[in-house]
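Next come the structures, one after another.
In the two assemblies presented below, chain A is common to both, partnered first by chain B and then by chain C.
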Partner chain A sequence: MISTELVLMLRKRRVWLCWALLCLLPTVVAVLLATTRLAPPPGRGGAFLSAVLSDGQLFPAAALALVLPVFLPITVAIVSGDAVAGEASAGTLRYLLVRPVGRLKLLVAKLVSVAAFTLLAVLLVTVTSYIVGVAAFGFGPDAELGGGGITSLSGATLTPLELAGRTAGTVGYLALCMLTLGAVGIFFSTLTDSPLAAALGVLAVVVTSAALQPLDAAEAVRTFLPTQHWLAWIDLFRDPPLLDAVRTGVEVQLGWIVVAFGAAWANFTTKDVRPVSGVIGHGQ
Partner chain B sequence: MVAGERRSLSRRALLVGAGAAALVAAGTVSWPAGATGASDPATLRARIRDSAAQPYTGLAEASGRLGLPDLPQLEQATALFTGTTRIRAFHAGPDRWRVDELTAAGERDVYHVDGAESLWDFGSQRLTRIVGTTSLRLPRAADLLPPDLARRILAAAPDDPVDALPDRRVAGRTAAGIRVTPADPDTTVAHVDVWADAPSGLPLRVEISGRADPGRPVLTSELTSVDLTAPADGVLVPTVPPGATAAEVPATDLTGALRVLGPSAPPGTLAGRGRLPRYPDLPGIGVYGTGLGGFVLVPVTGRIAAQAVDGATAAGGVAVTVPTGRAVAVSTPLLSVVIRAGGRRGALLVGTVSAAVLTQAVTELSEAAR
Partner chain C sequence: MSESVITTTGLTKRFGRVVAVDHVDLDVPAGVRFGLLGPNGSGKTTLVRMLLGLVHATSGSATVLGEPMPRRAAAVLPQVGALVEGPAAWGHLSGRANLRLLDAAGPGGRRRDRRRRVDEALERVGLAGIDRRPVKAYSLGMRQRLGIAAALLRAPRLLLLDEPTNGLDPRGIHEMRDLLVALNATGTTVVLSSHLLTEVEALCTRVGIMDAGRLVLADDLASLRAPTGRIRLRTPSPDAALALLDGRVEAREADLLTVRGDDPAELNALLVGAGVPVTAIDRERRSLEEVVLDVTGSGNDRFEGHR
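Moving on to the complex of A and B:
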């Protein structure tokens, strides 16, 4: 069941389009920065963006910060919103449920395929931006001394091994943050037959969370907002690495995933799946 | 069948709802503080004041809502009191520490090792070594760390009455609390609450409340996690990474700058408060009042004073009638500011006293200048 869902996801053109667009944005930024050599002043623009001109190895971090606020959530919303609602609107959901497979198993398979999508999305952005960054800006001043590391936010130099470890941590963390949206998307997808409505629902959650975040009045609920911890991964690039915010972020994201997936399960296992008029009804 | 489905739907929905509520509760419920077995408030105050040697590593969050107007050249200093600052501390001792101000796009670190200070700024990729010392400087993130803030306040108010506060959990530790209530009727500070780790006396949380609204602290600083062991030696050594610049700058020479200004000597008393023997090396600067109700007189050039008066008036300052020149008063929940302009020299008065006290002081100054 899971492998079937994974193969189905990989066969979808829109999935590949999402990945391609995600990788395109940082590439465009890299090309513009490399040709103009105009980096935003320190403290302005995206995280790490002011430092990439001197070290291309920092570009994956800058690229992730670029796609994180809008692009990444949109692609996850599209793919997860389609999970159940897409099958329902295409009329294939009934056939899926006719098979001797529980509805919970189907939902788990959908969640795994969304998780694979988010992980691959973050990974592809990281890998392409590393290649693009190094090609456009070089390996940085430490490489000229034979080190090949990068400067951490605290000034100490991170060795290539440390850089790889912290980048891997970032990829995993961001994939988890996006899986939260994926789980919410799957829940919305069980509520409606329209994939578009489900995707817009996810974006509404993101926008609401981002709007509440800076409000002093929302201080009591701020920790529970899904977007609140998205930038915690930046702490991994300090020296020594700071794990407090990442740990809290992981706990909150896992909580959201459990609740959203639970809600999807509660709704979907008792959902009355009706034929779609004009698709199934035709043969009856 | 349909009714059965509805029942099971609501049962499942209830289960998920209960699970969500349990998760939220687990994230918000504060664990009971337990007993600290703390001694009386006066002993705890003494222990807090002596806690500078206690090594620790921790992460703090300070948030202020002082509502200061944006002052040119001083944005970094005023931001500390008007927003939220994340601070990481590595404290091996009073003369061996490192404090990082963490921002979303980098960090600004201060290394203080054996009397020498270095500043690292990731944004500008520069390590600056400060040569020499200065007796007066602008506030920085390190000043807002609960231990430093608490010790500074308690040192300033050694005789004000203290009461015990209920214990609370801070950074996973049970902390004993004391409340300092200033005796001075003219101060803007209603009370300062400090919670400290009882055995070591290390302050973990500080709340400063103003008279205007004593129920809501104006400045809160808390260690969100703390480890009472000394940091590794390695983290206290500043390094110049490849590609970054290293610079050496002399500590800001305020004495020279003030001497150029040629200020008159500050009066012995202002607004009924005696001048303290502080900063004798800085001509024209006077510190008045004791405890938590004090203010400082800073001489400025006539041009800067005129700009500041215009800026403060535009920001909603209240005009003050003075015998010569013009003056404006700005009140925030904790700090009052009065600026006087007119002639070759102006004056800036800042303090934790009511604007009425500063207005009286500026009137006296203005009369003396006549």
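Moving on to the complex of A and C:
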């Protein structure tokens, strides 16, 4: 079932469109920056944006910071909201279940395919923005000295190997953060037959979490907000990397995934798969 | 009667305050072609969905192929082919890709036989020549055929088909009937639900009739359609016949007479011997339509006011 699910995902035009748009936004920013050479002053604008003019290799980090707050969550919401609700509204859900595919197995396959989507999304953004960044801004001044190394946020120079390792860590961490939304999306997707409703539900969670984050009154629950730790990966680019925030982030995200997936399973395992309301069919 | 393929006892399903299926005790013997008839909303599809484990019963139990459902779904369903509530497919993929993915999604069957299984199923339903067009470009009839191909993919022992001829043209309906009879001859039990009486009458050997969630009747078609003890005959001189058969004639519509009696041959001889010509004569049988109208209410798509 997992291979079927992956094939299904990879053959959806919507998925490729999401990936293309994710890669397009950083590219547009890179083109604008490269033609105007007007970088935002340090401390304003997206993270790393002020530094990319001097070193194109930092652009993947800047690109991830660009797509993280809105774009990436939207694509994950669309894809995960479609997971079960899409099959239900297309009618293919009942044929999968009588094939038979166990209900837990189906949900696991959906989670794996959403995980693959998020990982590939973050990876594609990283790779394209690295290519675009180096093409637009070239290697930094440290490149000749340190053999392609870049300056970390703390001022020390990172070797290419260190940079690769930290970038990989960032990709994994962000994919995990997005998988949290994916698991929530799968849960919502089992509650409704409308993929759109499930996707909007995910976005509602993101917006609520982001709104609570700066509130002092929400101090007690802040650590558990899914968006709270999204920017912790920036610490990976310090020297030496600060792992505390990332570790907390990973724990919180895993907690969300377990809870959301458990809720999805609890709801779906006893759910009646009935005709889609609102669609005129025959029989009852 | 041989072993049962489907048995339900007191099977009931409520959706909120609506009782969709109400204490149904159904028994489908192996090897029959069973037709489930009933007006729209009589609970046919909900019953089929419960047998497939898609909908969970509120109370009662169901056994399919000797195993309890839905508890043993993993063992039962690989031997069941189903078409529920119309066909469905991933619209952006071709018919062949749809069947391949569906085949790959579930248990059983070797991977290298997949192409052969898919090709055979497509050939049986008359889609052997389909190209790479996506299913969303298919006509309703082609989708219906694809849905039946998906049901046949695993050479099932039991076929559960909901409105299998929906969207097919007369030739397609005829082909599908031949296909189901051929499958039945090789031992597959066929259960189909339909609101088309002629469909069930032409195909099935046993009939169940549902009304307002209850199974109001289940019997062999042959005994439902047993002679009524009357003979219908047509004659160009009805008055002469009426005089001859005085007292035995129950009804007369122009040249059509309904006469009490069991033996058309004897009656024919009597009339011809007396010089009354007979152009048509046969036992009167109840049509399935009469049987259905007799035992069912108006269905739930009709709402009449009480004045």
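Everything below uses one rule, namely that the second predicted complex is superposed on the first by the 274 of 284 C-alpha atoms of A that agree within 3 Å, B and C clash if a C-alpha of one lies under 4 Å from a C-alpha of the other, contacts with A are read in each partner's own complex, and residues count from 1 in each chain.
Just so we're on the same page, a residue touches a chain if its C-beta (ideal position, glycine included) is under 8 Å from a C-beta of that chain, and two chains touch if they have at least 3 such contacts.
Computed from a predicted model, the values in this text were never measured in an experiment.
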Applying the document's definition of touch, where does A:Phe48 land relative to chain B and chain C: first, second, both, or neither? first
By residue count, which of the two partners contacts chain A more extensively, chain B or chain C? B
One more residue to check, A:Arg13. First (chain B), second (chain C), both or neither? second
Touch check for A:Leu97: first (chain B), second (chain C), both, or neither? second
Would you check which partner chain A:Leu215 touches, where first means chain B only, second means chain C only, and both and neither mean what they say? neither
Given the touch rule stated above, what does A:Val273 touch, chain B (first), chain C (second), both, or neither? second
Who does A:Ala164 touch here: chain B (first), chain C (second), both, or neither? neither
Shared contact residues on chain A - chain B and chain C: 270, 272
Touching chain C in the complex: which residues of chain A? 1, 3-4, 7-8, 11-13, 90-92, 94-102, 270, 272-275, 281-284
Could you please specify the touching residues of chain B with respect to chain A in the complex? 5-6, 8-9, 12-13, 15-16, 19-20, 23-24, 27-28, 59, 65, 88, 100, 102-107, 109, 120-125, 127, 224-225, 235, 238-244
Chain A partner contacts - residues on chain C that touch it in the complex: 15, 20, 40-46, 49, 52-56, 73-74, 77-78, 80, 82, 84-93, 97, 101-102, 104-107, 150, 162-163, 166, 193, 195
Across the complex, what residues on chain A touch chain B? 41-48, 50-51, 54-55, 140-142, 144-145, 147, 151, 153-157, 216, 220, 223-224, 231, 234-235, 238-240, 242, 244, 251-252, 255, 258-259, 262-263, 265-267, 269-270, 272
